[in-house]
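Here come two complexes built around subunit A, the first alongside subunit B, the second alongside subunit C.
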Partner chain A sequence: MWSYFCKRLGLSVVIVLCALLALFLLLHLIPGDPVKIALGTRATPEAIARYAEKMHVHEPIYYQFWIYFTQVLSGDLGADVFSNRSVTTIVLEALPSTLILAAVSLFWAALIGIPLGCLSAVRPNSWFDRLTGVLSVATIAIPSFLVSIWSLLVFAVMLKWLPVIGAGDPGDFWDQVSHLILPAFAVGLGWVGYLARMVRASMLEVMNENYIRAARAFGLRERTIVFRYALKVAILPTITLIGIGFSGLLSGTVFAEIIFTRPGVGKLIYDMVMNRNFPVVQGAVLVTTAVYVLITLCADLVVAWLDPRVRDSL
Partner chain B sequence: MFATRSDSPTVPARDSSSESWVKLRRLLGNWQGMTGLVLVILFFASALFAPVFATHDPNALDIPARLSGPSLAHFAGTDQLGRDTYSRVLYGGRVALQVAAIGISVSLAFGLLLGMLAGYGPRWLDNALLLFFDVIRSFPTIVMALAAVALLGPSLNLILAIVIVTTIPGYARLVRTSTMALKNTEFILAERALGAGFGRILWRHITPNVIGPMFILAAMDVPVVVTVEAGLSFLGLGVLPPTASWGSILNEGYLLIRETPWPIIAGGIPLVLTTLGFTFLGEALRDIFDPRLGKGR
Partner chain C sequence: MGNLVEIRDLNVSFSTARGSVRALRDVSFDVPRGRIVGIVGESGSGKSTVIWAMTQLLAENGRVEGGEIRFEDRDILKYDADSLRAFRGAQASIVFQDPMTSQIPVKSYLQQMLDIAYRNRDQSRAEKTEHAIAMMRRVGIPDPEQRIRQFPHQFSGGMRQRTGIAMALLMHPQLLIADEPTTALDVTMEAQVIHLLRELQREFQTTMMVVSHNLGLVAELCDEIVVMYAGEVVERGDIGTVFASPAHPYTRALIDCDPARVLERSRYLPTIPGELPDLRRPPDGCVFVARCPHALARCHSERPRDHAAGEGQSVRCHLFDPTAPQATGMSLPHGQTAATPNRAVESVDAPVLISVRDLHVSYQASGGPRALLPGQKRPSIDVLVDVSLDLRRGETLGLVGESGSGKTTLGRSILGLVPAKSGSVRFEGRELTALGEHAFRPLRQNMAMMFQDPIGSLSPRQTVRSLILEPFDVHRPDAGDRDALAERLADMVNLPRELLSRYPHQLSGGQARRVGVARALALEPQLIIADEPTAGLDVSVQGDVLNLMRALQIERGLTYLIISHNLPVVRHISDRLAIMYLGRIIEQGDCEAIFHHPAHPYTEALVNGIPRPDPTQRRQLVSIEGDVPSVARRPAGCEFHARCRYATDLCRAESPAERPLSDGRTVRCHYPLID
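Up next, the complex of A and B:
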């Protein structure tokens, strides 16, 4: 377990370092003056001077990277070109909203997807199983940003059941919930299918195991066997899937946030791309990657802890 | 696998043509596979023959007829500049096809090469490449794409680059696994004993054995690639106006969502049909030719 933990942690660190290097090199490999590219044409001379001084742009490039690296390590992600606010603060303000959206989406998807997968696996090839199969493929195949746009069109613009844009009044809990429904629906829909398929596949495998046959021979109730014995083991690959697929979920939240003009990291990155405010983009992308890597790491460690076979595979 | 290898001494020669026929008939008999095939053919035909099927020039303006609903003159209505949405959707399919075809072929080639190097080459190279694949797979794609666009500006080439880099690891891992399984089989060892070189073994003996599953994986990657293109174009970070793409049609429709629903409906339907078509076809092919492929992706 310990060596697996070290290897896995090492890999995560390498990945974040690569992201750091990529974001740094991206700016310096493009022909032209890095300061002008990073700050865009609308930056004031003061902002340019401030940035040039902070990033030591007249020093050799490896030294600049070292400066950037140490700044990031100390939690300093630079400053907004226009307002000079700390990027760290801006990103940390936007992060909770995105994490809530991702968590709620995943939660409702799991609440529906896992039982669907279980029930399909209990009666393979029944009409219920076939229907679930087709629906799973369909929900996986339809791009989540299209679900966002179409649900916005149908439920917010045409039927006017739910609010169109924003995250709701910060003090009003129910207003916030009503603003969360459509984005969470759009982001989570694909996951219902993923989870249903994954759980079905691993349940089918587990249901053939000897210990399930033993449980049957003991005359335990089918429901107890399925939910208490089989699902417990069958859920393991699903946990990894949730970890690995968090990237997809993040992309989904990016689009949902932009389409529903909901504050969050995705919306922040998009707005800053449009405003050519690269320091904020750089910081926000780095934080997103770090969060993503951390969640994948946690998922993998949980699985390794639960399933000894995984530990030997890395 | 698509066909049996007659040059492999471990596999007895079989009548491969009749076997393929059986599999093809299984594909056509399976309603998912059949639906997928029809949708995929529709996608190729509408994109290739867009000029034939289009009723208008996709970029021709007709301001007086702007924002009209579906009619005999404009099958899917018109946008804010009076351009015919139906014709724009047809031409948008060409962008999707272009990105999918170029992106996936380049990615297949690189994936094949890197996967064989990792599987057949020295241990350190294998570890280095695996780390590289893991790193790429661990990046949130869309977020990194946004960062790249922020600096380089939107272009079709950038979309292609993003698509290629993010899909390589999938193919490379598949090829690596098959190569490792094959490299100590008797027919490869025999070939080596006969003095065959590195290149000959990889090209003549390993490639034919991994190419089938790779094509199935490619079919299943088309929806991902088409979605990335449409998504970035939707954000205004892909193809540049006035070029029609499904994403840019959706974007224009999104801005007009309170005026007219038609561009959003017309721009989204082909996207859904294409992603569904390739997914259905890919899954049917996988189930028939290579059921093991579903895992470890």
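Up next, the complex of A and C:
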């Protein structure tokens, strides 16, 4: 287990380093002057000169990478082209809001989706299973921005149950919660169907295994068999999927963030791409990658913790 | 004492897309208290369906159409969900066929056993744990306190099956059902498990039902036998009586087919011609009539009833009808017996086709994070060590060993599918190990492989026709009239031509095996390496395949390397044997000589490990204890010393060299059993 952890951690570091290199090279591989790309088309010649000096563009490229690399290691992701604020600060300000949105969305989706899939698999082809199947496909098929707009329209504008936009007053916990409900609903809805389908499929497979028949033959309670035997095996691929899904949501919440005008990494990247604020984009993508790698690592560790075969094989 | 279980007129059918299959028809038999009843039959006989019906664990499309299963005078089929749960695991428990798949991989044995013991509400967790540990110790698990906290994948196959028995006996059930309890195990493990089951049955006074296709296992373990064919009980009775004078023609044929029955080598094995009837429309008369050599006119139209044959023996056959004038059953001779022994070629002087010298094959282990550092060598696992053998033209060499012995790896490395670390493999004097894939390719026409799993080794999306022509696509794309080729190959292996347009899943095991033979023979190779050619085949079909291989060998002068763990089968077809243990050949030489006088203690254990289909020859002791060690942790000295009853300090310290014996055999042992 320990050696597996070390190996996976080492691998994660390598992946982040690769991302770092790729992000650095991106700026240099795009045709044109890297400084102009970084600062955008409207930069003044003085700004370009100042920035070129700061980026050491006249030095050899490996030296530039070394500078960039040491800066990133010391936590300095560069500065916003327009406001000259630290990119680290900007990204870290946006990150928690996205993390919370993604976590809450997936949490409620898993809370509903996994039992739905489980119950469907216990009684395959029953009316419950068929209904769940239809609803699941429907929730997967509806784009999340449509859900965002409609839920906004119905619950916030027409029924006025929930606030329309923003993330709520930073000091007021319940205000923040009420601002979170609609975006989390919109982002998570598709995942309910997705997880239900996924769990159903792997549960069906596991329920046909010999050890489930053996558990029945030993007279175990059906409850024990479904939830403590079958689900314990069937959940493993789902955990990996949730890990990947969570990472994907770091930028995947962008529609919800735009529609509900919430701060967040997705919205940040979107805005900065539109503004051609390259350092911020670069920093945000790097941080997202790091978080992505970290979360996938956690998911794999959870799987290894739950599955002794994986634990021992590495 | 009375009967613990009484099954009366049990009928079970399965609904399939192509109609309802009547899997069990009017099955009736008793299981007396304290006895071991063996239920024997080939695939499709319904023997497993009986136990799934008993535990109400039939597949979802299965339905009990009628009949009773009385357990202590209560009909199990009328149990409600609660009494059924109380029955399963506590009153009747099952030892499963494959401990690999019947034990949940993500729970430790302790958790699994605590789950079974949930009913003992008056016991504390500590008491339950203690009880589970005691049961593990009873079935022979060393260090049960530690090992019970481990998971199934950390146990060897034999240990897993022992634990499966412990789990089944945990609640002290009155009835223990064993479903092919040794089929997934190696020979030496099989003997140990049979012995253990017999011991435990005596100790716990349990009544047992053993379902198996293995007559040897049943003869060794059971008191009574129930023979099933195509969903009906055709014969039942005392084990000694049935084996000594089998009454039903099917029982006789089945016993005749078992290669473990005959001690002398006969090159042709008896078979039961014909196929199982279509159970969607069972025949009006006797189920066995289409394959029966003694069929009378009334057998076709009239369903036989159960008649008494010998003492406590009942048979469902018209030949034993005392009211009929032609009741001659008792005096009928045995069915088809073995054809005359036939040794095709005296191969001793034949030229050497394949010569393997000091072959060494190893795999790289993953070796943890330290192995990623520069300068660190990853540990290698030696799979084959100093393997030398000669294969002469026209002979059959049987390569025998338990799982993990490296026998399949040896076959694959001769074909160049596994790279050799050192040593040489010569084919007609030409060195193969140094050849690249490109240079090797044309040579592959001369050597073909028959793969282990007859159906699994065929692509499910290709027709039989394109499967048997595939070798031509690879090596001789311009081979001429392809229809004629396909038909010629099908005829050669006695595969009906109409099967050419079928897909593998539509074939029976025997037919799929024939396709495998046709594929191997397509390019007329000189050498055929057959990996477990009869694995998964019924005894009646197994003889068919072996006879076909034998006939083709004589016709074409083929050379066979037969890889198998099935000693009785190997004995019947091999000229010479090579026995492997942990990647070494520990004994090789003439097949009969080895069987009669094994020189290596391991060979002796293997030969004695075969359960004989003769209840009068039960073994009293298990000749070999323990498990096959892992190749990753080879024991020092002679690798067999920990399991060898003759081992001395020399064996523990020094690995024995290969030495010749007076009769031309070679053996790797410090103290061979013969000179």
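The rule is short, and it goes like this: the second predicted complex is superposed on the first by the 275 of 314 C-alpha atoms of A that agree within 3 Å, B and C clash if a C-alpha of one lies under 4 Å from a C-alpha of the other, contacts with A are read in each partner's own complex, and residues count from 1 in each chain.
One rule holds for everything that comes next: a contact is a pair of C-beta atoms (placed from the backbone, for glycine too) under 8 Å apart; a residue touches a chain by one contact, two chains touch by 3 or more.
Please read these numbers as outputs of a predicted model, since none were measured by experiment.
In the superposed model, A:L25 lies in contact with neither subunit B nor subunit C. By the document's definition of touching, of the two partners only subunit C reaches A:A214; subunit B does not.
In the superposition on chain A, contact is made by A:A138 with subunit B only, not with subunit C. Set against each other, subunit B and subunit C touch different numbers of residues in subunit A, with B touching more.
Within the superposed three-chain model, A:C6 lies in touch with subunit C and out of touch with subunit B [touch as defined at top].
Of the two partner chains placed by superposition, only subunit C is touched by A:T224; subunit B is not. In the overlay built on the shared chain, the residue A:V293 is in contact with subunit B alone; subunit C does not reach it.
Judged by the document's definition of touching, no subunit A residue lies at the interface with subunit B and also at the interface with subunit C.
Across the interface of their complex, subunit A is touched by residues 32, 131, 134-135, 137-144, 146-152, 223, 227, 230-231, 234-237, 250, 253-254, 257-258, 261, 264-265, 268, 271-272, 275-276, 278-280, 283, 294 of subunit B. Those residues of subunit A that touch subunit B in the complex are listed here as 11, 14-15, 18-19, 22-23, 26-27, 30, 37, 134, 137-138, 140-143, 145-146, 149-150, 152-153, 157-158, 201, 244, 247, 250-251, 254-255, 258-259, 266, 269-270, 272-274, 276, 278, 281-282, 285, 288-289, 292-293, 296. Residues 55, 57, 85-90, 93-94, 96, 98, 101-108, 115-116, 118-119, 151, 153-154, 167-168, 366, 368-369, 372 of subunit C touch subunit A in their complex.
Within the complex formed with subunit C, the residues of subunit A that make contact are 3, 6-7, 10, 209-211, 213-221, 224, 228-229, 232-233, 306-309, 312, 314.
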